[in-house]
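Following are the structures in question.
Each of the next two complexes has chain A plus one other chain: chain B in the first, chain C in the second.
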Partner chain A sequence: MIKYRLRPNVVVKIERRLHYPRKLSVLSTILSILIAFGVAGAALTILGADALIAYSQIIAVFITPSLLIETIKYAIPIGFAALGLNIAFRMNFWNIGAEGQIYLGMFASTGIVLLHVYYGMFPEYFVLPMMIVTSFIAGGAWCALPSFLKAKMKVNEILTTLMMNYIAIYFVDYLIYGPWRDPKGFGFPLSIPFPEYAKLTLIFGESTYLGSILFIAMATLVYCILKYTKLGFELKIVGESLDTARYAGTNLTKVITLGGFLSGGFAGLGGLTIVSGIIGRLRPRASAGYGYTAIIVTLLSTLNPWLIIPTSIFFGGLFVAGNTLQVTLNIPGATIEMLQALIFLFILFGELFKRYKITILTGGGKPEP
Partner chain B sequence: MGTIYLIASLGEVYAERSGVLNLGLEGMMIMGAAISFIFTIAYGHLVAILMAALIGVLMSLILAVMAIHLRLNQVIVGLALTLLGLGLSGLITFPDIRRRILSSLNPSLPESMLMIQQAEKLPEIPIPLLSQIPLIGKTFFTHNILVYTSLILAIIMWFILFKTRYGLIIRSVGENPSMADSLGVNVFLVRYVTVVISGLFASLAGAYFFIGFHPFWREGVTAGRGFISLALVILATWNPLRAILGAYLFGGVETFQYRLQLFGLGAQSPYFLAMLPYIITIITLILISIESIRKRIGVPASLGTPYSREEA
Partner chain C sequence: MEELVHLHGIVKRFPGVIANDNVDFTLKRGEIHALLGENGAGKTTLMNILYGLYKPDSGEIYIEGRRVEIRSPKEAIKLGIGMVHQNFKLIPQHTVLENVILGLKDVGFIIDSKKIGEEIKKLAEQYNWKIDPHVFVWQLSAGEKQQVELLKILYRKAKILILDEPTSVLTPQECKYLFYALRMMVKEGRGVIFITHKLDEALAISDRVTVMRRGKVVATKNTWETDIKELASFMIGRPVLFNIEKNKTYSDEELVIVRNLKVFNDAGVLSLKNVNLTIRKNEIFGIIGVTGNGQQELAEVLAGLRRPVDGEIIIDGIKIVDPNPQKMIELGVAYIPPEPMKYGVAPNLSVIDNLFLKAYRYRPYSKKIFIDIKKMEKKAEEIVEKFNIVCPSPSIKVRSLSGGNIQRLILARELSELIGGVRSKLIIATYPTKGLDIAAAEFLNKSLIEYSKLGTSILYITEDIEEAMMVCDRIGVIHDGKIVGTFKPGEVSVEKIGLMMAGADASISS
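The block that comes next holds the complex of A and B.
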């Protein structure tokens, strides 16, 4: 407990909360988002852009049915990456590398398509399931390496996952400017367009639906893993205290590596939903920072797999709004990035009020109502 | 080319030596570039560099308050600041917004200056006599003032960190903050100072990059160079002198990449060359995790963990 004496009769008392009410946490999240919108609006107005138009556009995204479907389409990769991060953060593994793992997922799923189209491997109906499996494995392997290094040699995972993002991005750049470029693509750095049976639009016509079903299935799986399995329990113990986990006889290397694999795997699935859900082919820099947005989403959803759904839809909507703002209204798309950052910062500040109880005492030390 | 990495990593060495990981480097760097762009057009180079320094200090103060005092996760706060920097600097890509900022900063600017995407480059200063040496003179001794300053700074900062009492205090805070605290060192103050130094240097690096090297504005102009500087800190194993070598190595790799493209050699190789700094860094990270090497170099042990008296 810390006490600051402002004036002789006013004392600010800060004490640590042991439990915080759920209402308060919802309230502080909503308040943080509103403050962020306010600050961003003020900044835009000062810079001479019309903040009201920008905001009405953002609201329009969530109430127009066609735009909402588009929004969910963008929310799916973010959601998948966040699902993975949920596992990683739970075991106190600071995976900043969701972006790179997304790229590995895109690489693997495009690879399967190319193997099928160029070399006639696998029957048609087998392509999409293969893509799902390989993108999970590729993304997972990309994260299992830093998590193995952390478990075995205590290599700082923040730095390795961050650096591996760039390696993944340049690797995909190389493929798409080099051997994977579409020979009929007039020299543009694009892969061949995916055939229909390799796209998530296969069933229901719109990738949003199949993607959502896949996502809800995976979210259920993650929820069950975390809640009902031994692995979920071990992940939680590892996150709370490495020493406790060690005394309890947990195989740390195995648990941390496996947790990392799962975490990267879901991000890899996110990569799949980008190439075969949103774009329909691979192009360089296909992920617009979804892996970083997923970090915000994960923290906002307080490590609860279900809360990821509304949160990632919210951020997916911001991406969609950003695109339309830039194209139709001549308001910079960077507004959205700024907004994301501000929401992020204010929520972090809000975290403080959740963690500490601040009371102002005046006069004879009576707490103010 | 290497200078941008050198300047940014010098500051970061200090922050990390005292136990704070500043992941906002990229955001501070690009804000430095953006501010120097605007102010070079409005008032010239000197004001631009000063203002760039100021923005770095301001942004790192946010990091300092949130990560040191409020003990929020440094990684997360740093990433948020990077995102903020990218977003804010992206705004000036729009001509309307740029025009409004510029005309309110300096109303006497002619109309033609309000729209340009390009700023004046820093003049290059040849060192008398030395620059006359045939062959190597022009490559080594004709640069702008920030290049020379960064080299001198690297030596001074190495000296402070390893040969003076202040350096010892910084390193001890990074090694074992509660020990340092019990010996009467103000852990919070030391970390505030080093974080501000890292922000200051990061945005100066951005300013150097923009007005000293590549004076054409586009969105995301620094293109991940802040993260390369972060990698460089590790490669240099938190030592300013080794950072000089590493900086020119990374700078060299990047220049080599452009050269290869110019000659049309190896159309594929630029991507693998671009990966090189990151791969080298990961290998370094693995090497320094080996206990005996770790002890010899003195990796800051409390890197990334916030300090609080109650909980220690």
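The block that comes next holds the complex of A and C.
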């Protein structure tokens, strides 16, 4: 319990709540989002834009069928990365590197396409499955390295995963400006367009559908890993306390490395859904910070894989709305990033009121005569 | 005698419980008043109200006859109330003097350490304490740290002293010094409230005793008018047995052999210097000593959590090479760690998860990469029932259980033969009854004794001599990383054991 004294006779007491009801938690999340929208609206008004039009366009993203399909398309890479982060955060491994792991996924999938197109490796029907497997392995390895270092040498994962993002991003930049540039692309920094059989549009024409099926399947998979496997149980203990896990005889190196691998693997799959779902080729900076948005999505979903589906759709919608707002209202695209940040900030504030009871006492104080 | 403190009709509710239910309490000038009760009886809550940490829901507080409202410890200190918490609130890197004057306003900007040092020294000498005000607190023993805490309060001219379980870190000799000093303090016109759950202590030191149970005051008595049996029955609401029948058959087979064991502590210092011990089948071997003399390291080595530097460990004929926790668990070593919340349980996980903290990876609860939740749930319900773990459902978080129930949970996990359905060969129990109430401690000790009869060896580490005498078949005294003496209960007097614990006599053995 902390106490602050403001004026001589006012004492502010902050007491930790022993229990907080679920209602309070839902209420504080909704309230935080509303306040964030309010503040963002005020900022828009200052920029000279009509906040009400902005709001209506944001809402439109979720109720107009054609825009909703677009929204879900953007939600999928975010959701995949978030599913991975769910595994990492479960074991208290603060993976900030989903962005880099996404790039590794994009690198691996594009690599497979290039091997097939340029060198004729693998039959056509084998390309997409190969892309799925290699993007998972590439993203996974990118995260397994920092997680192994953490397990073996207690290297702080926040630093390593974050730094490795830059390596991944610049590595992909190099490939696209260099050896992987499309020779028939008029010098633009783009890879060759993917052939149809290497894209998620393969089955239903629109990548959203196949992507959604994969998304739901992966959410189910993550849920099952966490709930029904030894690894899930071990992640839970490791996340609670390393000392407890050690006491219980859990193989820490194995669990943390494997957990990191899975976490990065799902982000790598997210990378695949960008190049073969949204863009259809590789270009520099192909991920617009989805890996960072995924951190917010995972935390807002309270580490529940099912909640990641609606939450990532919400944030996917904000990306799409950002694009339209930029065009229609002529406001900077960063406004949407601001809105994202505000939502997160207010939810953190809400957390304070959820966990602590704050009372203000006035009067009294001195002994009565 | 004049009343220093009068608490009248104090009520304090926490979500789901009434911690103080209409409590009346008085402290007179010149008396030591023991506040006795089991954990969770409401003693500490009541004292936190007096010290301004909690605001009572209703009730009145009178200090020296005047009605007051105490809203913070600062106001309490102004009113002459001082509290020594169970865990010391000192800054180890600062000197005694700096700790004593910390937070005082009237010392001024430039500290006249010579003058203040003299004052502190004089104050300490009144109670026969030999404390140099200029040494660092980390250099002091637990007993001396407590003296600094008291000096801190006395320097602020407190008239009302509250001591929360002050003897839990002291050797029997240090306790005597403390009692002597407290006597002096009340003679000078102060009043002392002595919070404890140890009956003999309450009888030894106090003038009056107030017993609390479940938030209510059960009785307030003059100490000379009551006895240990009466107080115990007040405390737990029924008469208690003070001796546990053992009825054991002893075996000569040596199950655990430890030879020349040397181990580093976390700071890289040799904390086990040369430990030799053997534990026979069926035997409960006690280790007593002042905390921090290597007990923790001994337990951790045997549990596989710490690597030995040198020496030999043999369990049931198998020489242990390169121990790790998993290996030791599979070998049949169960470990009841100290401070369960630290690593004995995962507080945010369910009772089921905690029961299967170790067994989840063994058959029949696991197959290949999967775990069998249904089987775990079923078995957990059985265990909860058998060990009388009070919880609304096994899927509730352990955090919400009481200390006694958490200890029962750990005991249940270590005794339930979950791993391969085999009984443990060795149980290491470190301070297993610390923080437990009488009934829970009795249950735990009885369970361990019953279990040892089945052929398991038990290493019972404690700092409570009485308890060790009651439970153990043989006792070793540990001091400075060595076993300085081994004896059977009753062979050596408590005073002599106290001396051995303090390292004064390292030659007694039988």
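What we mean here is this: the second predicted complex is superposed on the first by the 344 of 369 C-alpha atoms of A that agree within 3 Å, B and C clash if a C-alpha of one lies under 4 Å from a C-alpha of the other, contacts with A are read in each partner's own complex, and residues count from 1 in each chain.
Keep in mind that, in the parts below, contacts are C-beta pairs under 8 Å (C-beta built on N, C-alpha and C of every residue); 3 or more make two chains touch, one makes a residue touch a chain.
All values derive from a computational prediction rather than experimental measurement.
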Discussion item. Output check: A:Val133 vs chain B and chain C. Expected answer is one of first, second, both, neither. What do you get?
Written reply: neither
Item to complete: Using the touch definition from the top, say if A:Lys236 reaches chain B (first), chain C (second), both or neither.
Response: second
Discussion item. Let me test your reading of the model: by the given contact rule, A:Tyr247 touches which partner, first (chain B), second (chain C), both or neither?
Written reply: second
Worksheet item: Is A:Tyr228 touching the first partner chain B, the second partner chain C, both, or neither of them?
Response: second
Worksheet item: Looking at chain A, does chain B or chain C touch a larger number of its residues?
Response: B
Item to complete: Report for A:Leu303: first if it touches chain B alone, second if chain C alone, otherwise both or neither.
Response: neither
Worksheet item: Which residues of chain C touch chain A in their complex?
Response: 14-16, 53, 55, 63, 66-69, 71-72, 75, 79, 303-305, 324-326, 328-330, 335, 337, 342-349, 353, 356-358, 360-361, 366, 369-371, 373, 400
Discussion item. Touching residues of chain A toward chain B in the complex: what are they?
Written reply: 16, 43, 47-49, 94, 96, 149, 153-156, 158-160, 162-164, 166-167, 170-171, 173-174, 177-178, 292, 295-296, 299, 330, 332-342, 344-345, 348-349, 351-352
Discussion item. With touch defined as at the start, can you tell me which chain A residues reach chain C in the complex?
Written reply: 1, 3, 5, 11, 13, 18-19, 227-234, 236-237, 240-241, 243-244, 246-251, 361, 364-365, 367-369
Response to the item:
Given the complex, residues on chain B that touch chain A span 21, 23, 62, 66, 70, 72-73, 75-77, 79-81, 83-84, 86-91, 93-94, 96-97, 100-101, 219, 224, 227, 230-231, 234, 267-268, 271-272, 274-275, 278-279, 281-282, 285-286, 289-290, 303-304, 310
